[in-house]
Amino acid sequence: MKKLLVSPAPHIHGKDSTQGLMRDVIIALSPSLLVSIYFFGFSAIKLAFVGAITCLLVEFAIQKYIIKGKVTVNDYSAALTGLLLALNLPPNSPSWLVFIGAIVAIGVAKMSFGGIGQNLFNPALVGRVFLLVSFPVIMTDWTTPVSWFREGIDATSGATALSIVKEGLSKGMTMDQIFEANNFSYAEMLFSKIGGSVGEVSALALLVGLVYLLIRRVIRPHIPLSIIGSVMVLSGIFWIIDPTHNPDPIFTILTGGLLIGSIFMATDYVTSPMSTKGMIIFGVGIGVITVLIRNFGAYPEGISFAILIMNATVPLLNNFYKPKRFGKEVKNG
Amino acid sequence: MSRTFSIGGIHPHDHKISVNASIEDFPLMDMAYISVSQHLGAPAEPVVAKGDTVKVGQLIAKASGFISANIHSSVSGTVTAVEPMPDISGNLIPHIVIKVEGDVWDESIDRSPKIVKEIKASSKEIIDIIAKSGIVGLGGAAFPTHIKLSPPPGKKAEYLLINGAECEPYLTSDYRVMLEYPEQMLIGTKIMMMALGVEKAYIGIEENKPKALKLLKKIASKSYKEIKVVSLKKRYPQGGEKQLIDAIIHRQVPSMGLPIDVGVVVQNVGTALAVYEAVQKNKPLFDGIVTVTGGCMTEQRNFRLRVGTNFERIMYAIGGFPKDAVKLISGGPMMGKAISRMDAATVKSTSALLLLTDEETRRGEEGNCIRCAKCVEACPMGLEPYLLNRLARAGRIDDLETNLIQDCIECGCCFYSCPSNIPLLDTIRLAKGQVLRIIRSRPKK
Amino acid sequence: MTTTILFTVVSLSVLGLLLALVLYLVAQKFKVEEDPRIDDVEAILPGANCGGCGYAGCRAFAEGCVKADSLDALYCPVGGNDTMKNVASYLGMEVAEKAPQVAVVRCNGNCDSRPKTNHYDGYSSCAVMASLYAGDTACSFGCLGQGDCVVVCNFDAIKMDPRTGLPEVDQDKCTACGACVKACPKFIIELRNKGPKNRRIFVSCINKDKGGVARKACAVACIGCFKCQKVCPFDAITMSNNLAYIDYNKCKLCRKCVTECPTHAIWEVNFPVRVPKKEEEPVVEQ
């Protein structure tokens, strides 16, 4: 008699796999990666490569030699963390910077909590913030390296739009004056670089990635939309009160790490809430904290800190905001 | 505009490869192995012994206890034994073993193909006939139908819902019944409406069955106006009792409740046909429509199969066990039971036999939970399977009850959508049983 | 500069002293009056908090001991007789010595003697498997091999043997706390006396099917033939539901039943290896 295979139901499985989901996120990141290679040339490739490889090696080494358990590097999550970390750094960063950041991201923020699924904070952001606090000078040197694609253009000291604005405002300039002095335009923010980290360039490339992720059902729209929505509302309120000394909502959305943060960092599965209600509160919290840091804090960019702060509230959000239960409200039709 | 349920759900490929296989009579077998436990509740007690001759449709086991059902012989011949035999899970259950001799039916059964439209029985008589005929729910749970059609005092039925969703992939037995016995099914529905004393009934059919929808709408609008045929979106688990009620009349059965709590009784299409045959044709329940299907089979079939047919016999009839198949499932791929013994036999609630290959069914390696919340998104009851799994593995019974594990309908959407192949439903099902036992053992207020 | 330091030191010291005073007063006011002996008894206990005594942890057991009139019903399986003697002498009570026990796995159906009849592909838990069906062999009573007993052991005393697919108890580490007994959904594991010189004899089978059915499923099953019961000079063996059972209180370890059993279902543990006679097989130390 044939030996049958026996298991409890269900006997079929959907097509989703961890590897497939991570791969989709990497694909969604590729427009930004390509754009940054265009603008920054070899530096972008170098950073992305060192970041991804270091993360993979650190995870492999810890899983195989320290924990002595199963090695799961082939689920692409470490490689993704490395890429995201690289995209958050200034284009002129040395290799050792991203190397150290990767070790902190995987070793401290991910593996010491128990590996994938167990970490409380977004590993790429922990790496980035660690570097920002430890090496503030390098992390704020926005010198644009020469890209072989854009011959004839010299290395420029392209400070990020946000830091320009912050500096200008502290000097007493008005928003219009700052825009004039620097030739800011929305078109430029959307399509090309305005000075920023490797991944902050070209909002359009990031938005293409968002659409891809939504179509492939990798993420749901609640987090990105609530972050962007709350940022627009709060910055809009400040702008209406005083348009000369506060940036307008469109500027706020298109500059800095807001888009990459809301599309790729805040939506990280492990560190975001599990119910739609929780996701919306999470997003609103990030948006509010970001705007407050940008307008009142010492740092020009606030989204990294905002996401990390809200990461800490996620277990509480999961506890109190459960999904809608079937049968709890008696509807009558 | 197709209706659907409000929370969760998944969209597996429907694999309705057997959709064009019209119902054929399964060739009569040599031996029948009829289990006394083919329904929810107490097993029936045999009323025949070794050496007795029986006819098709003769009572061979009596219902014992309040929740139980009669069992009738599906063959004619001599009883060779009444002894314990393994069921599909390998558990020993008493079976009545009959050596088949000829095909002699009980004289009271009307075998003519004429459709009997006039319903002569009264409401009380209908319930008695259904009970006498051993009719149980053919949607899978095999709950005795006469009990379901007699709501307890204090609860009144407003609607009867007929479940024609057939949301499980691969299954087409209900669809073929709707195509080939539409009027009989509608008469069966009307009979059940009379038994319940309701004036309105709905038949819910998924929109991937356009022919059935069109045919039933045509017949119902002409002669059975009190029965409304409703189109449902193709989605799993659209055919789940609670989801069906939510979709069609927008009422949600409360936690730990039954459909009758919201004034509804749900019955399967196959049950409606069985009720027609029992009340109008005097035919007790001893056979059913079974889809035998699978990608690895050369030909897909829909059989009218008699109860007690040995699985080996069925494999023989389809040309042998397919070379590539590794799993034989009684039921659909989402909620069916994997058969561990080929020497077991079919029961009343067998609605399909599905053969799957290694590639289609072998589970992937379990990984860590990545907290993607796809299981939460998929759960039609609004539960959090990742959390229930974690609590179950930690043995935290109180927290499981707080998180409503008792409401799990065991549909399998959570495991289906988990990218890390975590066997969520395995642990949840076990823990749910433990929690229910504790809840039910509490003294009632 | 120095005034800053002086102010800082003084103010923080005063704050510290004030808070310490508050803590002391609160600790005194809300002190729970407890029998001081409970702390001492707890210190005697091994501190494994395994629940083998039936109480919720060592402290609860210590409380139970102090409040009890007699220690007869109380026993810590981890600490054993030595610990109970110490507790008794501290509390000024007498305690009877209990025979040390060990967990015994009453199934010997390995991959060779009990062949698989199907492949299990579900979650690797014996409880899940047992609730699903009768198992992946023809014996519906036998060990399912998924290791629920291994997972639940606090003392690392039970491990799955990959060659046989059966659990193996390390008699030195086993404390007879009973966790594995409760965890096994087939009730295969039993706590039995360790025996003099750690020697014990037991029927390594719990199959209740008729002899023919049991033997067909497993080559070393108990077939309920009564031979062991007939040959036992101490009336230690009872038969019920086609299964033999040896009462460990009556068994005098004479080993007559071991040689008599036609299917080698009865095991002897920690005896010297016998010189093999004509039809007999030498019994291996477990």
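Letters A, B and C name the chains as they come in the text, with residue numbers starting at 1 for each one.
The definition used in the following text is that a residue touches a chain if its C-beta (ideal position, glycine included) is under 8 Å from a C-beta of that chain, and two chains touch if they have at least 3 such contacts.
What you see is a predicted model, and the numbers here were worked out from it, not measured in a lab.
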Common contacts of subunit A and subunit B, by label, are C
Closest to the centroid of all CA atoms, by its own CA mean, is chain B
Chain pair with the higher count of C-beta pairs in contact (B-C, A-C): B-C
Using Cα averages as centroids, what's the distance between subunit A and subunit B in whole Å? 49
Distance from subunit C to subunit A - Cα centre to Cα centre, in angstrom: 52
Approximately how many whole Å separate the CA-defined centres of subunit B and subunit C? 43
Got the subunit C residues that touch at least 2 other chains? 117-118, 121-123, 128, 132-133, 136
Touching two or more other chains in subunit A are residues 1, 4-8
Please output the residue numbers of subunit B that touch at least 2 other chains, ranges allowed. 340, 361-363, 423, 426, 429
Note which residues of subunit B are touching subunit A in the complex, please. 6-7, 10, 12, 169, 242, 246, 249-255, 257, 262, 321, 326-329, 331, 333-340, 342, 354, 356, 358, 360-364, 367-374, 376-377, 379-384, 386-387, 403-404, 407, 410, 412, 415-421, 423, 425-426, 429
Touching subunit B in the complex, subunit C uses residues 117-118, 121-123, 125, 127-128, 131-136, 140
For the complex, which residues does subunit A have touching subunit C? 1, 3-8
Contact footprint of subunit B on subunit A as seen in their complex: 1-2, 4-14, 16-18, 20-21, 72, 75, 77, 115-118, 220, 269-270, 272, 274-275, 322-333
Contact residues on subunit B for subunit C in the complex? 86, 89-92, 340-341, 361-363, 366, 423, 426-427, 429-430, 433
